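Sharing a structure with you now.
Which chain is which? They are A, B, C and D, in the order written, and residues in each are numbered from 1.
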Amino acid sequence: MALKTTPEVSGMGHSMKRKEDPRFIRGQGRYVDDVVLPGMVYMDIVRSPYAYAKIKAIHTEKALKVPGVLAVITGETLKGFNLHWMPTLMSDTQMVLPVDTVMYQAQEVAAVIATSRYAAADGVDAVEVDYEPMKPVMDPFKALEPGATVLRTDKEGKKDNHIWHWEAGDRADTDKAFKEAAVVVKQDIYIPRIHVASIETCGCVADFDRTNTHLTVYMTTQAPHAIRTVFALVAGHVGLSEEKIRIISPDIGGGFGGKVPVYPGYVIAVAASVVLGKPVKWIEDRMENLQADSFARDYHMTAELGATRDGTMTALRIKTIADHGYTDAAANPSKYPAGLFSICTGSYDIKHAFTEMDAAYTNKPPGGVAYRCSFRVTEAVHAIERMVDVLAQELKMDPAELRFKNFIPPEKFPYHSVLGWEYDSGNYPAALHKAMDMIGYADLRKEQAEKRARGELMGIGISSFTEIVGAGPSKDFDILGIKMFDSCEIRIHPTGKAIARFGTKSQGQGHETTYAQIVAEELGIPASAVQVEEGDTDTAPYGLGTYASRSTPVAGAAGAMAARKIREKAKKIAAHLLEVSEEDLVWEVGKFSVKGAPQKFKTIQDIAFAAYTNHPQGMEAGLEAVSYYDPPNLTFPFGSYICVVDIDRGTGAVKIRRFVAVDDCGNIINPMIVDGQIHGGLSMGMAPSLFEEISYDENGNNTAGSFMDYLMPGSMETPNWETGKTVTPSPHHPLGAKGVGESATVGAPPAIVNAVVDALAHLGVRHI
Amino acid sequence: MRIEKSLVVKSTPAAVWAFLSDPHRVARMLPGAAIQEQIDPQTYAGTMTVKVGPISTSYRGQMRFERLDAAAGVAELVASGQDVRGKGGAEVRMTSHVVERAPGETEVTFVSDLNVSGILAQMGRGMIEQVGDQMFQIFADAARVELEGDAARSGVTPNAPGATGAPGAPDAPRAPGVAAASAAEPIQMVSFGAKLMVGAMGRAVRRPIFWVVAVAVVVMLVWLIRR
Amino acid sequence: MIPAEFDYHAPSTLSDAIALLSGLGEDAKILSGGQSLLPLLKLRLGQVGHLVDLSHVPGLEYIKEEEGFLKIGGATRESMLERTPLIASKYPILLDTARVIADPIVRNRATVGGNLAHGDPANDHPATMLALGAAVVSHGPKGERTIPIAQFFTGIFSTALAHDEILTEIRIPIPPARSGGAYVKLERKVGDFATAGVAVYVALGQNGTVEQAGIGLTNVGPMPVKAAEAERYLVGKKPDAAVIAETARLAAKATAPTADRRGAVDYKREMARVLTMRALKSALERAGGK
Amino acid sequence: MATHQIRVTVNGNVLEAEVESRLLLVHLIRENLRLTGTHIGCDTTHCGACTVLLDGEPVKSCTVLAVQADGREVMTVEGLEKDGKLDPVQEGFMQEHGLQCGFCTPGMLMTSYALLKRNANPTEVDIREAISGNLCRCTGYVNIVKSIQYAAAQPR
């Protein structure tokens, strides 16, 4: 994409240095735990050591005698306000604090409020709880068997642990296609439960002002506006009214989806602040974070792929059991209980497909949030990209060749997939060719053959994924009924500087920089002179927040649209100033000039000044605009990744030797930031493939509940990622851009697993 | 998880049975344990402290004989306890079988189903199993002293025909390590099962791919080499 | 995570430290680097009434050769081992070991004495010290004593030290010419405890036969494992491929691992074997015997 | 509750405080001194977000007692910029996009600063080893390595 702006303006395509960095490198970021308010007290939480138990009694007397302890809040306390249960985003219900039963290990049981962190921790230690342990249900398959212990006895008439059934595609048509397929491969694929484990854990400072019945909550949330509405809905009956609720999401130390849900801790802290009339701070520690916060994945999939003998894929069928823990608290759009899993036909022109899923309750923490991934797309991509390799192995075809043979051809875009999506744009062969060139694919295959002959284990894995991000068009996408638009409000100051506020919330993606670049691109105001603000519900326009790679596709588009509205008004002012008609003006970056007389122009700065000092009679003063952008479609970024692994024959240790990632996210706002997003995404794609898993023993103990066992890769485990780009703009996005924050997390795992399987394929391994 | 242990002593089945069915006597063989009261003829309440280096955990709970069949030599008990600081708990169902192996030589087999919850199960990283082994070893040695009398004490049969403890485990009841109190101290215990509350546990976990690969590769290579 | 209350003491002499420990009894615990102890206290897995910090006791941090021994002060930081030229040039097995303990920042606090005295079978120095035939010097109310490393570890997290005894020095015999050692650790990632670790020390005679051998293993049993049978087998042999393989087999036989997230029992045994081969080969190379 | 009078030099300023035995150094820094650049990420010495320099050496301040810093010098991220001039590691992280959410950044900076003090020309492996006790969830480390290389290349 040709640059339209100079480096001074830094519109799209410039690797502008980040505007947020000066505070972070000085230790001047302001995260939730840095917030200290006068009179603030601290909350710490008593958690269940059992995965499933009756609570017989909670003894708080000793805790209340600990110096500094002010109060102990239990489920009974909250029950008094009818706040002991809350709704989940998926219309299920979740305990805030239990009254009689705990449903997973580390569930909140009581909260201790004290004058210091230390006293609160001592108080937690002094709370004695009598439990009657019960045998937990840990396996979703067993949970769905007849006769399994019914977990949700709170739900009247509930007789099993089945949550919902979901399906997409034509079952009969797909069955028929499978009958006709010359080759069918079938594989069970489990994607383990994992946790985003952002380095900053979750927490909040809830500050209820009794006099004004006003609540301010500083909290680690990716979606402050939606949270405000949730609080108003959940606690409206106790006097919290939406106009008197202010959610402030300050600097966020990584989100990745884990800071979308409303966790019980937040609600208890708010309740505690209301009860005590003091600001209450709650910050979870790492073990609480890993053991109680929402998980991702946990899909047990059985996938089948049918093809002709020559390798034309004809049919795909996937049956999934989804383990949702004790409540469905997934963060998906309402209509999509399985997220966007039906993207599972991937980058391939498969004519017949059917997928179905059943969700089960188990004695595990609730969730089903993202792990840097748009609504279950990682699971879908893993399934199809693994199956392509399984098929290649079956057909003894090179996996690259099989992919080329089945890619949706570039000329078929926009492409209607058999499971109902309209892919906006793509050029899959170009991305794979580029990746193969970058890594030297043919030479690697030769090397592999030589190594096999010597008994060495080396593998090459490919993943050619298609993402689906930017939720979403209002006709289909809402969360709790709120449509998934996003918003931007821009004000141009008289001196030609700007403030732009968005309904999203950066957690490290660099919105303060990239949004400013969008405004710079559209208005020619230097990005350095555009102040970007997000995260304060009192000042920012309503938006659904940052997750699922939706900021650029939705809020970024809103930014462009708001800027264009401003340009419309600016044009009127320019016509007034230049004394010509609007039709005689042409826009070049940063100025309107008279057609045929380029020396006659007014810069955006001139116009901004005039908007406050010399605007046309009859026109309102000022230069500002708001846009609530409802995307016409999702965006479909894609890419091809190739991974080379070496496996130590003696120990089985896998080492990633090289990893090339070619991404296409349409037009790029800031190449430096996009590369950073890809690097991070690749690392979070590698992590669950090789290191991370939240696992449980048969008693429901979380055996990866700290960083001792939840193995987050460090600098020695992470390879030097190599990146490349192709550019296929989105036809419907105002800037031609697509979301990119999660592409690499979605695309990397199958490349790595395919490489590992490839290293062992000659020994008969087909899947791991 | 399931744990199986056995112990052979130079004593008669009757003497061994009398010992095993008396919680107070068994208690004395178990470091850190104390019976506090007898609730009914089959049920006892007590406490148990397990100290492993700097880590210590105190449980309080109950032990109940579900079956005491002297004729068959089968005892079945259930013991459950909760960590006094709310950090976890454990339950064990143990069946012991007393069989005469030779005149004057009796074998006791113990089959236990153990469930541990809480932080020790989470973070014990295999250690619980080893602690259980060491404790069983201490118990077995102490029981042998109790049942065999002076012969054992003089060290004639210090380690054989020993319990199936882990290699390298201390071979005398006075071995330090596991317990704060030595077995010789005439106090304390909850039950035979209670010590196994911290006994072994296995983890049926699905590991991240790396480890699956690691194991798969090695198993396969071993198999290929042997072939 | 916040530790329960305790009292902190910072004695400035060794005798004060011992007196404090004796006076306070079992409720007092020695604080050396604190990198294992403080997390335990923060998790409230353990509780102590008193911590007796050794960092103000002078003269416990040193690395020197003296009287036929390499002497390492009990409170010597792991990072000092890493940065001491004598260690890199003459005791590469100690460098191998120090470099894989936890991570570089933790090693700025963690001490060699603490690594041993904690008694954790997953710690790395015990295997190395077993291989090197080290001895531990301690000071207590009854004065000084020297404990051969093979008698030092007595159970899980327990050692031969009395609660009021302080590990003040580690002594390693200065190795003869034609000797070498290596420590090889398999870990899932930096900072992890070993899936298995093996330390091997060998000294070769003029004709290339092994005259002395030491093999220690990490985290494959309730205590650090000394592979005595493998050592005995190796001594007196020319270390050809078959001998190396058999030594490794015997070393693996000496292990008693438990299954955990790091692997199944069989896998760990196999790792003990594989790593013994690797450590032995490396030790032989360093000894000049290829 | 046992308390101790301590005297600590933090970023060049001498501070006296009465602290509880169990007070962690990170809490002394963050809460008593209100220097909130030092973060807490894991509590178990795995993540390094709390890294500060103690007498010039990086340590994880969540696993050091405040009283252990008595009589010693502590340097935090707030002490890197001197007389309005950023330290080269700070410049490097900004120039090479070595940070995203910024939460691990102060710890990374302190480790990097100490590395370059000890080794002015580190190799990539040296750098990766040095920061192997500092976890970053956002960047994948590629740009952090570049940031430190940038700093190493600055004239001193």
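We take it that contacts are C-beta pairs under 8 Å (C-beta built on N, C-alpha and C of every residue); 3 or more make two chains touch, one makes a residue touch a chain.
Source: prediction; values computed, not measured.
Look at the CA centroids: the one farthest from the centroid of chain C belongs to A.
Rounded to a whole number, the gap between the C-alpha centres of chain B and chain D is 47 angstrom. Here the CA centre of chain C is 29 Å from the CA centre of chain D. Multi-chain contact residues of chain B (touching two or more other chains) are listed as 85, 87, 119, 123, 125, 202-203, 205, 207, 210, 214-215, 218. Shared contact sites, meaning residues of chain D that touch two or more other chains, fall at 20, 22, 43-44, 46, 129, 132-134.
Annotation for chain A: residues 117-118, 125, 285-287, 650-651, 653, 691, 695, 703, 706, 708-709, 711, 714, 716 touch two or more other chains. The list of touching chain pairs reads A-B, A-C, A-D, B-C, C-D. Contact residues of chain A toward chain B in the complex are 46, 49-51, 105, 125, 127-131, 133, 190, 192, 457, 647, 649-654, 688-693, 695-703, 705-706, 708-709, 711, 752-753, 756, 760, 763, 765, 768.
For chain C in complex with chain D, the touching residues are 1-8, 10, 34-35, 38-39, 41-43, 51, 53, 55, 79, 102-106, 108-109, 190-191.
Looking at the complex, you find that chain C touches chain A at residues 1-2, 4-5, 43-44, 103, 186, 188-192, 261, 271, 274-275, 277-278. Chain contact summary for the complex, chain A toward chain C: residues 117-118, 121-122, 125, 285-287, 650-651, 653, 691, 695, 703-704, 708-709, 711, 713-714, 716-717. Interface residues of chain B, counted against chain C in their complex, comprise 52-56, 85, 87, 119-120, 123, 125-127, 129-131, 133-134, 166-170, 175-178, 180, 200, 202-203, 205, 207, 210-211, 214-215, 218-219, 222.
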